[in-house]
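Both complexes shown next keep subunit A, but they swap its partner, so subunit B is in the first and subunit C is in the second.
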Partner chain A sequence: MIENIPVEGMASSGDLVRVNALKVCLSAELLTRFLRGLVENRINMNLFIGGEAEGGIQFTCCVAAPDGGRVKAMTDSIAHLKACVEFSAPVELLSVFPHRFNLKVLGLGLMALGRAQIPLHGFCSSLSALTFITDHTDLDQASAALEGCFGLPPDRSRTHG
Partner chain B sequence: MDKTLETKAAYWEPRVKTYGFQRMTGLSLIEITVRTAGIDSLGQVFCRLGDAGVGFHLVFSRPSSQGLEVCLLVTAQWAKVIEEHMQKLVEGADKLVGRTSPAEMVFFQGPHFGDRYGILDAAVGGLAARGIGMKATVCSGSCIYIVLPEGQSEEAVLALSEVFEIPRAASQKRSTPAG
Partner chain C sequence: MDDKKLILVVDDDPDLVEALSMKLASENYRVAKAYDGLQAWDKIKQERPHLIILDVMMPNKNGYAVCKELKNDPQYKNITVVLLTAVGEAVTSTNYTHMDGKTALADEFIPKPIDLDSLMEIVKDYTR
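Here is the complex of A and B:
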């Protein structure tokens, strides 16, 4: 049984499209072209996690589902970018807050999701929230798993800022 | 003619405002690759570290061909403790691969950052113009985090200051973690 610690709330993002450049590394120039393409199409990213890897840059990012088609059209129009970027099944961002910069909050979340065999496509912290990326279709199971290890207040209507 | 009246509004400014840059030095970036089957075990290690009082400044993870690549940005003095705990996981299906490197971080927020396009593009462009390479970048909530090689954060703040507008009173805050 997983230990339970109190948090103030949990929030979900709604249906998102995940865009990945993970199997092939992008050059800095291609990353710039990708980001510039988003600007030209006025598309906001809900989340971006990128880092250097051998031979270039890898990233995963999420955009609102209605913007997915325009991102695909943009990346398809740039030959080198089209070859590097993949679009995955719809995902959801599930955030727990506050994490208080405590590794135990992350550890409990990973244990809960791992034991429930929930697909985990990444995670990251912000100033307050710890956000997990999971499949849209697994949102209910993922929420239930996290609720099992975090003590949520009775009023769960709060969302993080 | 379209009979539907619609009002669209967007927040725009010629030079993106921020609330100032936060700079952190004396950090270690710990990168761990863990198989999907090892997520539970990794969680247990993090719980033990949390119980021991080990905190983090930033955590992030993205998929890799072997599972998940997990990155922890911590105060340098904690790196050894974390590595020792990780060693206990180096067996069987949970096998972990890791490396640790010195790092610094700059992070910042601004009005409506979570809901606007173009912020990361401006930041990456500003750093590239000065030839500053990044180890990692995370945009989450309304905050932009830039993880840099050791000794690069001061130059990064100067580069970002040329792209973004910063409050006059506090152009940057420096933080050296006390542990």
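Here is the complex of A and C:
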């Protein structure tokens, strides 16, 4: 029998464009130019996961779908950056909160998504939220899978954040 | 009876709710949490907070609407409301205006991103 852990809420991000620089490592200078471009264009990031790998920096960044075109134009305009980044099919961030630093929350979430055969592009945690990155087209199934293993308060099903 | 003052923190960003809650708890306040306007009303009725830190842009019911309803309700109008505003120049995609905030009758306004020291000063002033 699957355990059910109470949480206080679940939120979805809305349709996002994912920008990846994973296959080619970036220099710190290129990453700075990318981030500065977002600031200058007043584009919010819903998510940024980055890390240093051998030879440079790799990252995944999500922005609202309507901003995707502007991000593409911005990356295309920066020499060397265009060749390093890829734009993926629309994704969605699905967050449950608070996780209270309980690893069981992560385990249950991964099991639920795995059993429902939902593609998972990544996950991360913040101070309060545990966030799963999945395809935008699978949002309803992913939500249903998570609702099955997390006890939400009455009338507290997914909210669009 | 616990004489710590109860603060209700309402924001749809769970990380902000958690961060403010931790700060308030460290300053010896009790904290209740809500993540949208409807949930805020549930908590107001159940727990009757001394002060509410209330975000504006939230799903289900926005902060202005919650504040306006609360300030027009004789049972709850004395509860202090600090509105967290990120309107106009800070957020290009918002439909909210500063005028909405003034008509919502909030006691205080704090712009986002939040200056924690200013917020804590306001909280202390209103809970003395």
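Convention: the second predicted complex is superposed on the first by the 155 of 161 C-alpha atoms of A that agree within 3 Å, B and C clash if a C-alpha of one lies under 4 Å from a C-alpha of the other, contacts with A are read in each partner's own complex, and residues count from 1 in each chain.
FYI, a residue touches a chain if its C-beta (ideal position, glycine included) is under 8 Å from a C-beta of that chain, and two chains touch if they have at least 3 such contacts.
Since this is a predicted model, take the numbers as computed values, not measurements.
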First, second, both or neither for A:R42, with subunit B first and subunit C second: both
Which superposed partner A:P98 touches (first subunit B, second subunit C, both, neither): second
Which superposed partner A:S126 touches (first subunit B, second subunit C, both, neither): both
Partner chain in contact with A:T134 - subunit B first, subunit C second, else both or neither: neither
Touched partner set for A:T75, first subunit B, second subunit C, both or neither: neither
Which superposed partner A:E8 touches (first subunit B, second subunit C, both, neither): second
Residue contacts with subunit A in the superposition, subunit B compared against subunit C: B
Contact residues of subunit A, present in both the subunit B and the subunit C interface: 42, 126-129, 160-161
Residue ranges of subunit A touching subunit C (in the complex, touch as defined): 8-9, 11, 42, 95, 97-98, 126-129, 153, 155-156, 159-161
Residue ranges of subunit B in contact with subunit A within the complex: 10, 36, 39-51, 54-65, 68-69, 71, 109, 115-118, 120-121, 124-125, 128, 133-143, 147
Subunit A contact footprint on subunit C (complex, rising order): 12-15, 17-19, 33, 35-36, 38-39, 59-60, 92
Residues of subunit A touching subunit B in the complex: 3, 20, 22-23, 28, 31-32, 35-36, 38-39, 42-45, 47-52, 58-60, 101-115, 120-131, 160-161
